[in-house]
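Please find the structures below.
Paired with subunit B in one complex and with subunit C in the other, subunit A is shared by the two complexes that follow.
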Partner chain A sequence: MSKEELLRIPIKMDLEYRYPTGKHFTHFFRVLKEEGKIMALKCPKCGYVFLPPRPACGECHVPLEEWVQVSDKGTVQAFTAIHFKFFDANLGRVRPVPFGSALIRLDGADSSLNHYLEENDVTKMHIGMRVQAVFRENRQGNIGDILYFRTIR
Partner chain B sequence: MEAESPSFFIPGRIIIPFNYAAGAVASRFFVALRDHSKILGRRCPQCTRVIVPPRMFCVRCFTPTSQWVEVKSTGTLVNFTVVRRPEPHHPLKVPFAYGVIQLDGADTHLVHLLGEIDLERIQTGMRLRAVFREKRVGSILDIAYFKPEDNEKSS
Partner chain C sequence: MARRVAIVGTGQTKHRSQRDDVNMMEIVYEAATAALQDAELSIQDIDAVLLGNMEMFEGRALPEMWCGEGAGGVYKHCLKIATGGTSGTSVAISGFQHAASGLFNIVMAIGFEKQSDGHTAAGMALTDPFWDRHVAAGAIGNFALSISQYVAARGVTREQAAKVAVKARRNACNNPYAHLQLPHITVEEVLSSPIIAYPVHRLDMCPTSDGACAVIYAEETRAKKICSRPAWVRAAVTRHDYSYLGDLKDRLISIRTLRDAARVAYAKVGIHEPLKEFDVAEIYEPVSYAELAWYEALGFCKEGEAGRLIDNGITLMDGELPVNPSGGVLSTNPIGASGTIRVAEAALQIHGKGGKRQVSGVNMALVTGYGVYSWSDVMILSSSPG
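What follows is the complex of A and B.
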């Protein structure tokens, strides 16, 4: 053929799903929803406090059962601002950019939680900055119940 | 949440829009389907199989296919399944059937929908005919479905 017509085939994948949170995250989300508290799991052997909660301690290989409440205030361990638009599965749509994202170590926890920051300007972020969780008014039992972490000035 | 509800469920949704570049071989296949309601295959020069839908390479011989061949819009049902559980990505409402079809003149199998068919009486070996859409856009669904050839004779 002298002139080939090359096709582009438009495809729109629309994937809706529900995933069960399992035993540990269900407790975490239930307390978050009903009491507005952030709970973590403590290792009975090494005392490490896991947030997000994990079913077992990766170091000691023991199951975790002791729930401890951690603070809603914490310290930024790492941060970034997102400027590239992408689809947010939790929202079901594209999250408006820019937005700040950080690994946050809440007071009383030994591991870090990945969450959004109120601040979206990286020049105003630093490792060690103090932040506090801002809760949603009508909590539903998912990680969106914490809207973002505001900067403590 | 009550004690009898052991788990929370997190709803999620991901929408992924994209364009798939069909390439030279598949483009020609879709253009022939769209403009002439013809089904094209490619012949392997080594094993002489006619491959439908067409491929640039023969996956058995690792040889580039060399020749366009028109195959018939009739064929034989090789395998099938009846879908009874609804899922959002399905092209039709349940219940409906998928067939694995060997078109006359082809040596490979094509997966497509079966239509105008009694779902309880589908049998491998039955003769089928492609039903083309009136408005064709260059998609595998320009063939609406395959229907039993017997339907035509009886009606």
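What follows is the complex of A and C.
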């Protein structure tokens, strides 16, 4: 074959998705919106408190039905500040940087929640740092109702 | 009872950031024909063709269909496996299991990814829509979180992590297939590259690559006829974990999937002192710090001594246990192929076909795969069927 100039065919798409939340997330997001409370599910067998809530315990594989309220305060288990521009599928565009994020274990939960920190300077972050959820004014029933976690001083 | 099975041929493409000279079917064809040529087999000898790929990254549905002729899967048992970063080792382990089952005699497993075709970042961003997507920042973001825990617990330094990054890129210069070839890279250069997510510098992280890799398995009788020095599969173990990052307690420190997979694989083969008993290791290190964590989890050193291992050069090419003579994932990362490359590179070392990256006298080789938040695969290959 003779040497030909190689081509690229550009394609653009606009797509819409609708994800059903299912019964566990629906309950969580309704209570978050209406009462401003953070709910979790407790395993009847091993006692692990799951956040996000889900239908079954990974270890015991038994159904989770017991809702418990956990605190809006918690402890940082891991932290970072993101400096590279990452595509945010919820926004449909690149997320502004830098931003602080952390794994936060809310008091009363066994899982840690992956969420934003108000702080984006890593020299002011440490494992064991106490933080508290800051809610948005008009809650809509999704995880964005927690805007970020602010440092408790 | 599983049959004895060996890898009798391997083939891979020249991995690059952008292989515009080939499309998906062509890149798969390149790897498949290279493996057949290496094993001196024809496609008619192959009973099953298995494919590993993360189709969201290319944005093409049903890649197993669209690369059928290239893979040689037409009129054969053919399927695709996708398990994130472990896709390449999952498909390799499945290839072994197909041949070991007695239902197929010769099986080809092909991992491939053509990241430049699509948007890997978008594929990563399309994680769980209710919780994860809100805050996730791809593999870099989630590793950075876990690295903060690992550094706090173990006291490894950024210089020690950078040494891993340097080792990988220098080793890659001996591998004509490797993507990043940085012969003059230094620790200072890694540390002066921009921080992308604290404490990870750009050069601590793997690249994105286009590439494909194929391995051919044969059951015992055929393996001995086809290959003068087959790479026998002595163990293949896979472990999956919870869905959310927040349920993996101290991920890089505990890494219980990798620890458990290694424990089971070592017991099966009778490995007690991995640093002494393995001659080479090809492990899946998407970020420099992860390799240090894997040293501990794989029992190469005691807890907290991984930094010392890299400081003392134990895992360099001339060290006691060379880790990733190929340059590893830090040098080449076509995701669906990255795990398959680990398997192929370990098999190459046993076949004695490693060229400039050959470690002398390899009889026992360790392979790992790593994917999503904490999925792990472990394979052990040996020059002896056991």
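Points to keep in mind about this one:
Basically, the second predicted complex is superposed on the first by the 138 of 153 C-alpha atoms of A that agree within 3 Å, B and C clash if a C-alpha of one lies under 4 Å from a C-alpha of the other, contacts with A are read in each partner's own complex, and residues count from 1 in each chain.
Throughout what follows, a residue touches a chain if its C-beta (ideal position, glycine included) is under 8 Å from a C-beta of that chain, and two chains touch if they have at least 3 such contacts.
Predicted model, so just to flag it, every value in this text is computed and none were measured.
In the superposed pair of complexes, A:103 makes contact with subunit C only, with no contact to subunit B. Of the two partner chains, subunit B is the only one that A:5 touches; subunit C does not reach it.
In the overlay built on the shared chain, the residue A:147 is in contact with neither subunit B nor subunit C.
More subunit A residues lie in contact with C than with the other chain of the pair subunit B and subunit C.
In the superposed model, A:56 makes contact with neither subunit B nor subunit C.
By the touch criterion defined above, A:89 reaches both subunit B and subunit C. With both structures placed on the common chain, the touch criterion links A:14 to subunit B but leaves subunit C unconnected.
Once chain A of one complex is fitted onto chain A of the other, the partner contacts of A:23 are limited to subunit B, with no touch recorded for subunit C.
By the touch criterion defined above, A:79 reaches subunit C but does not reach subunit B. On subunit A, the surface touched by subunit B in one complex and the surface touched by subunit C in the other have residues 6, 8, 17, 19, 21, 25, 29, 87, 89-90, 142 in common.
Taken in their complex, subunit A has these residues touching subunit B: 1, 4-23, 25-26, 29-30, 33, 87, 89-90, 92, 141-142. The part of subunit C that touches subunit A in the complex is made up of residues 20-21, 119, 121-122, 125-127, 129-138, 140-142, 144-149, 152, 194-199, 242-247. Of all residues in subunit A, only 6, 8, 17, 19, 21, 25, 29, 50-52, 54, 58, 77-84, 86-90, 95, 101-103, 105, 111-116, 122, 127, 142-144 touch subunit C in the complex they form.
Taken together, the subunit B residues at the contact with subunit A in this complex read 1, 6-24, 26-28, 30-31, 88-89, 138-139.
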